[in-house]
Amino acid sequence: MLTDMHIAIIGGDARQLEIIRKLSQMDAKLSLVGFDQLDDGFAGANKQFISTLDPAGVDAIILPVSGMNAKGEVETIFSGEPIMIDAKWLSGTKKTTTIYSGISTESIKALLNICKRPFVEVFNRDDVAIYNSVPTAEGTVMMVIQHTDTTIHSSEMVVLGFGRVGMTVARTFRQLGAKVKVAAQETELLARAFEQGLEPIALSDLRAHVESADVIINTIPAEVLKADVISKMPAHALIVDLASKPGGTDFRYAEKRGIKALLAPGLPGIVAPKTAGRILANVLSLLLAEQWEKMRGGTS
Amino acid sequence: MLTDMHIAIIGGDARQLEIIRKLSQMDAKLSLVGFDQLDDGFAGANKQFISTLDPAGVDAIILPVSGMNAKGEVETIFSGEPIMIDAKWLSGTKKTTTIYSGISTESIKALLNICKRPFVEVFNRDDVAIYNSVPTAEGTVMMVIQHTDTTIHSSEMVVLGFGRVGMTVARTFRQLGAKVKVAAQETELLARAFEQGLEPIALSDLRAHVESADVIINTIPAEVLKADVISKMPAHALIVDLASKPGGTDFRYAEKRGIKALLAPGLPGIVAPKTAGRILANVLSLLLAEQWEKMRGGTS
Amino acid sequence: MLTDMHIAIIGGDARQLEIIRKLSQMDAKLSLVGFDQLDDGFAGANKQFISTLDPAGVDAIILPVSGMNAKGEVETIFSGEPIMIDAKWLSGTKKTTTIYSGISTESIKALLNICKRPFVEVFNRDDVAIYNSVPTAEGTVMMVIQHTDTTIHSSEMVVLGFGRVGMTVARTFRQLGAKVKVAAQETELLARAFEQGLEPIALSDLRAHVESADVIINTIPAEVLKADVISKMPAHALIVDLASKPGGTDFRYAEKRGIKALLAPGLPGIVAPKTAGRILANVLSLLLAEQWEKMRGGTS
Amino acid sequence: MLTDMHIAIIGGDARQLEIIRKLSQMDAKLSLVGFDQLDDGFAGANKQFISTLDPAGVDAIILPVSGMNAKGEVETIFSGEPIMIDAKWLSGTKKTTTIYSGISTESIKALLNICKRPFVEVFNRDDVAIYNSVPTAEGTVMMVIQHTDTTIHSSEMVVLGFGRVGMTVARTFRQLGAKVKVAAQETELLARAFEQGLEPIALSDLRAHVESADVIINTIPAEVLKADVISKMPAHALIVDLASKPGGTDFRYAEKRGIKALLAPGLPGIVAPKTAGRILANVLSLLLAEQWEKMRGGTS
């Protein structure tokens, strides 16, 4: 339980609702900043503006998945205007006040440079990345069904990368009956792919393997689908690039060659916002409980 | 090979293209009726009108999946106007000329009553229904991803019916990580569901099991999702009804209760027209080869 | 519940213990014949000899899985001597007294010819055969692991038959990572095999496919693994024949060629007697409940 | 290819045969020490004694999986007497002569202390451990089938550890229809278990979860199945301990409580020696090719 812990939830999207619900249940004291257009009444949560919120009482700050943009604003879909957190306000918080953000951004780093506070980048955690790989894989399945005129069952696929997202994506398509090759560098990833009924291939052999591929899915955040690889693909091939912007595909060349190539960022928030919110809510509740135990242990 | 067999392909949609491709490969002599707007040139296929096609030379007639509509017209997407086949034209064919149609319709039956010819209802075959269950299941997966805000993984599902479509659909969702209950009547279907890692439930117990269901998929062509069952579902439940029109759901009641319910006919042609065409092409080529062997055996 | 129903359990093996346990729980009145060496005390069950049991009071008779042997004896592992049921004793039972046996045998048929009573062949039921296919498949897995020096994972297998046992066996080995071909005759079985990720082959093409097979498993009760097929197998191939005696393999030829071939009957009772007993207990309890309802409905 | 590379294979068991076969194929020059009772003739391989083998010409030395025992002997099943390699002989080799052994032992370390040579512990590699996890899992399946009287399908299992062996074992049993819980410490392992359809539990909650377990499989090389955990297990529970000797189970207590507990080391070599040999042969051939390329590069 988080009884008496004062948490400020600042900005966000549908995922924040699951976080608010969970932390309410755990009896935290919640201040919601940037939620003035939200109708739902949550017990133990009251709406505030950054100007009305006393920093000295806040134990933890939860920023949205996107953190803080280049202009230093925190985005919110529940209010007409973005929120500004400045160093002055932040320096009014306790030294132990911890900031949780989906990702780290330049503006957050700059702020924390001026005013040091414990900071947790939630999306960077392996467990969060693995939980999120599930809605990512389902979003990919949806896109492949939408953008091909054949079934996934019996189709030939190549998945690039066998990390947190790649392993889930590769197995998901195999479960649906596709023949899946996995391209990776490290020998232990290739061994694991083999064990899971996938066909491991060396990244360096990619050119040979895309020739008979119907669908190519990239999870490697580096330029791996270059022109020389794309030039080997059959005309009907579909590329779905999951790697964070700008992806790992030479999109210009793909278009020129008439190969359909889609950059598909942020799938969890699109196809399963409720699940994506619960993933964050579950992990945050564990992290906050740990922080709270430590803080109370420290004051006694 | 179908060398010298003269086959008239009359009307249709994208699926016909795969049939034409396959039968061309097998060296059949093809007359395409209702394909005047089709650009592709297929070797050994020439475009005709029903008026220019001499029935006496035709060995087999392939109608579209939908057969012939109530007005006695054969529909086509490759021509501005539908095609009429009348008893007079048909009686000009040989007694052994065989008609292949996706489904049987009242107007086909009426025509065959006047002029008896061997008739094959291709979609009625178990093998075709099972092959088609694969794109049907994938289409269902796409719809469930689109119409829920949670993942299929870990969700609770009930599939009604464990026939040709039901078995494929239930297993597909289970492979994606859902907890799947299967409602059926016959004890051997319940045993098979159990063996495949699904939870078998009696259709008569359905009301109790939908209470915790996130998604309910119906494959039974009978009114099984009645008001008293729907009234037990949670507000966020999604119904996808695959049974042929009008489906097995009390849609009026579902709407009244605010439960999202979708009737989803014809998924293979929508999500995987090429695969759907190949399924037909493969089965037709086997059936035509058998017919041709018999016909030639008979004439010698 | 089976309160007041008097059931005679005559002979059997470890599986009978699960039946006794289940029927006890359902409050039946049990007479155990041929269990004199059994120690366990079951509430509501008393041990009898056929000579001390009054047939007039018995509502149902449960014979072992093996029924009655050629000498007209019922076998039991819990007593030193087999049991004889004769027509005289049986004719003392009510006309509605129902006999349940695993299988039907000549001696049972002869007895029922003299003295007609309702008779149920439990192992013949599709649901029982499918439930039993699970321990059968696990027993086959055990044997294949024991008798090969390679893994099941990545090995090439051919399963003959895709009925109640064949479907379970084929999928089980595929789940373990084998590449599995399924040989069957009917087109809808081949379609279902394809859908489940197995490679369907025509039985008539078997000779070509065994050439690269590491393991061949037969479930067809007919001579399908003849000399001309076995002669094509590689020297290290293993044949496991599950079909009921005498199996479908030319064992003499296999031995001559040095191919290891094993006839493996009765696997459920060997590798999972408790599960096998529960399968029978569950089905019998449903059948007995139906019979009891009918009998009481009839007497009122 | 390994043309002109001189490799000494010293001692071993059935697995060495696969290594010899593979390296022969790659055209290496092989000296076999401790194989005097081996009948097979391998092209390019000649049998030697350590006394007849000139160390100066040897490029690589392959020891068995077990390395060298406490007495400094290399064990072999193909000769009546063990082999001794001493520092004097070894110091006659080139500085670049590389020693490959399954595991490292005290006696090997002592020898290398006196005479420094490149050393590779093959079993320690992640890829080898993952490839070996497949026969390990199959061996575990065999043992569980042999030592229970119920099916794996539908049984409740707990797998301890989710490393290279644990992940494979847990998924293998789930594929066979068991309900599998995975006990681990790290949050990302728990997330991966969840994604793969397994139920993740904290190691600290183990006591609560073994209460309903039919089978418990340990892969953690630390004492985790202590008396207080075993005391919670049902009487029919089976423990299979895969962790390297002495395992992670309090065997003394398990026996006292009547819980069947089996220590099962070395399964790959027992249930699939040929596969186990090929795994080593494949990895060794890659490592030797790399070494050979480097050596020749260096001399030029």
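Each chain gets a letter, A, B, C and D, in the order it is written, and its residues are counted from 1.
Just so it is clear, a residue touches a chain if its C-beta (ideal position, glycine included) is under 8 Å from a C-beta of that chain, and two chains touch if they have at least 3 such contacts.
Molecules present, by chain and UniProt name: A, B, C, D = Dipicolinic acid synthetase subunit A.
Only a predicted model underlies this, so the values are computations on that prediction, with no experimental measurement involved.
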Chain D and chain B - chains in contact with each: A, C
Same-site or different-site touching of chain A by its copy chain D, using the half cut: same
CA centroid of chain A to CA centroid of chain B, Å: 39
Where chain A and chain D are represented by their mean Cα positions, the distance between them in whole Å: 38
Whole-Å gap between the CA centroids of chain A and chain C: 52
Residue list for chain C, restricted to those that touch at least two other chains: 134, 153, 177, 195
Complex contacts: residues of chain A adjacent to chain D: 125-128, 130-131, 133-134, 167-168, 171, 187-188, 190-192, 194-196
Contact footprint of chain B on chain A as seen in their complex: 14, 134-135, 138-139, 141-142, 145-146, 148-153, 172, 175-177, 271-275
